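The block underneath contains the structure these notes are about, expressed in structure tokens.
Letters A, B and C mark the chains in the order given here, with residues in each chain numbered from 1 onward.
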Amino acid sequence: MTVHAERKQLVAPGELLAEGPYFAGENTYREAGKIFSSRIGLADLIGNKIIVVPIKGAYIPRLDDLVLGRISDIGMSGWQVDICAPYPAMLPLSETPMHRGREGGRRDLSQILTVGDLVLAQVIAFDRTRDPLLTTKGRGLGKMTSGRVARISPAKIPRIIGKKGSMITMLKKETGTDIIAGQNGVIMATGRNPDQERVAVEAIYMIEREAHTRGLTDRVKAMIQEAMKGKTVAQ
Amino acid sequence: MRNDPSVQLIDNKGLRVDGRRLDELRPIKLEVGVLDKADGSAYIEHGKNKILAAVYGPREAHPKHIALADRAVIRCRYHMASFSVEERKSPAPSRRELELSKVIREALEPAIMSEYFPRATIDIFIEVLQADAGTRCAGITAASLALADAGIPMRELVAACAAGKIEGKVVLDLSDIEDKKGEADLPIALMPKTNAIGLIQMDGSLSEDEFKQALDLGTDACRKIYEMQREALKLKYHVAKEEIEEEVAEVKA
Amino acid sequence: MSATRQFSPVAKLEQKTVVDLIQKGKRLDERGALDYRPLTIMLGTVEKANGSAYVYLGKTKVLVGIKVETGTPFPDTPDEGILTVNAEFVPMASPTFEAGPPDENSIELARVVDRGIRESKAIDLKKLCIDPGKKVFMVFVDVYVLDHDGNLIDAAAMAALGALVDAKMREFEVKNGELKYKDKMVPLPLLNHPVSITSSKIDGTIVIDPCLEEEQVMSCRLTVTTDKNDMVCAMQKGGLGVFTPDEIKQTVSISIGKARELREKILSKVN
């Protein structure tokens, strides 16, 4: 029973992680009693399970994920939503709070949401045989009306949120904006003025670029404070 | 392939036109993540070859009817820039480029865990900016890195190199003049961990012994190139390890 | 046949951000309305080509390679060499580029870059004649777009200019109608340095060097190519929006000044 990779070691596809009775977790696979990495990422051991935390990769929807998507088409009974995944998502009329008493049909639907609108939705179904299904029946879900959008790699979203929400809480507090981070890598920052939103978005891109460096939280905080200071002084 | 007596490919010290020994690789330089829009990318210089590889995917299948129910469609396009060769080449895809696109895909696809992405596509683009023999091999080496850079799950990386025969001697990694004037060219792509060959082609004339010798030379070189690929990937992402330690420490504090 | 394309793959809110900023006299990346993005030009990256230049304009990356070969002249210009410009929108450059023959956008780009070089008489084509009516030199300018973050036309034109300046060919002489190469490598016979400046119109405001997000929002664009004598030698309007005559005059005026600046910058990086 041997673990070959150190915890938090950077591993490449095909790299040997462990031998023996471990479980092959996410982004690993088992072959001839050995466990190998399938993606570039950081190896970790959780109890008896070997996993690799990926550094990059496409967004693959999971049940209950919150996602920010763009309406890309309107059908007879719902909308097609681009959630930056390899699969277009569907938002049926019946999964929106406005569906009561509506007959459906393109003209009716376009009164609620049109092509180009940005929506915050939740994934309610997704499997190998069909495209993801969304709902906007839920608190805070629905059409986004103002704010600035940032698009980053979905693998970096956990870093934006931080452990127990520490990073995103700091971002909101320091920039005075409300920040919604979709699991699919799309983030909205809404503030009272566009300057706050711009600083929030810059901070988000900074975190994405420097996700794997020391003392990031402090540096981002310092950057925001500098930027926000500049704005108030000018006014 | 003709044996041209006017050009001496191996001198009396046993060195080749570019000063290499018979079993020596040309210098290789690898860089990962060189493009902004592509999901993954890599650049390789292998001898005078300069090749860019990029990957998009997994992404929605367009047109829908090409999609497969149980895994991703892998598409591969190998293309040479007009100015990449001595005599300008028309930009339209040639029969050679179409053949190479196929054999390259068949070398990379076995390594890709495409069953994770049914009904999607993974597109691989290889653009040869400058060619000097061995472009399909260098292209495969770079494309593997681009796939890993895109975060696409793979069983392992694929490394590729050619061996051949010049002036009766089995040699490694033919350059352009050796390819043109030599007696055999044997490009090989290897998945080193599995010890599996995903691409092998040959043209020329080799005895059974010469073939075995050339194959061993080629696969050994592939293993060396695989180490270089791993180095290039780690170089690109090397700061990762330090960060997580810090992050965990920060939050705990 | 040319057909309307699907509109922007970007949410309306994101487009609004760009427009709102422009209305306040700002841009997404904090540039001024008349500023170019950071520019890097590397020459001679493809040694096998006669000349080459790799341009980074912001995140846009374009590589141009030049090949000089012999061929037959056109019947109506028997004593002139031939210039051919071709552009490939390599599928790796953008999720929206598909593999296949050049589409209307890459053809338009090639022809606009061609016009700039041809109309400014940048290459002295008469000096590329070997045997009038029978043999001339052909200059192939091949543009490869490798990463699309907006303003491909200017990036391509800059790379083409860089590649032309970088290009070397074997010195030759014609003795008794026969082509004889000498040992020396000499530059191409260049007479001019065309520079193209592309402006986009967003919500009534003109901004230069649109990045991708700005292109997705703009109503139309105007490319103005000028030569080293401040003569306008090529122009191209693109997009579904429209310009007023005054807007065009204003843009041309700005472009001439900007081209001078940019030409100096390009040539200094090139030397």
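Miscellaneous remarks
By our rule, contacts are C-beta pairs under 8 Å (C-beta built on N, C-alpha and C of every residue); 3 or more make two chains touch, one makes a residue touch a chain.
Quick caveat: nothing in here was measured; it's all calculated off a predicted structure.
Common neighbours of chain B and chain C under the contact rule above are A. Compared on C-beta pairs in contact, A-B and A-C come out with A-B as the pair having more.
Taking each chain's centre as the mean of its CA atoms, C is the chain most distant from chain A. Note on chain placement: the centre of chain A and the centre of chain B lie 33 Å apart, centres being C-alpha means.
Work out the mean CA point of chain A and of chain C, and you get 38 Å between them.
Not a single residue position of chain C touches two or more of the other chains. For chain B, residues touching at least two other chains, in rising order: 59. By the touch rule above, chain B contacts chain A in their complex via residues 39-40, 57-60, 69-70, 72, 111, 113, 116-121, 148-157, 191-193, 229-230, 233-234, 237-248, 250-251. Within the complex formed with chain A, the residues of chain C that make contact are 7-15, 17, 20-21, 24.
Here chain A touches chain C in the complex through residues 70, 72, 82, 115-118, 144-149, 194, going by the rule given at the top. Here chain C touches chain B in the complex through residues 45-50, 52, 59, 61, 63, 65-67, 69, 86, 88, 90-95, 99, 101-102, 140, 142, 144, 146-149, going by the rule given at the top.
Of all residues in chain B, those touching chain C in their complex are 35-38, 41, 48, 50, 52, 54, 56, 59, 77, 79, 81-88, 91-92, 123, 125, 127, 129-132.
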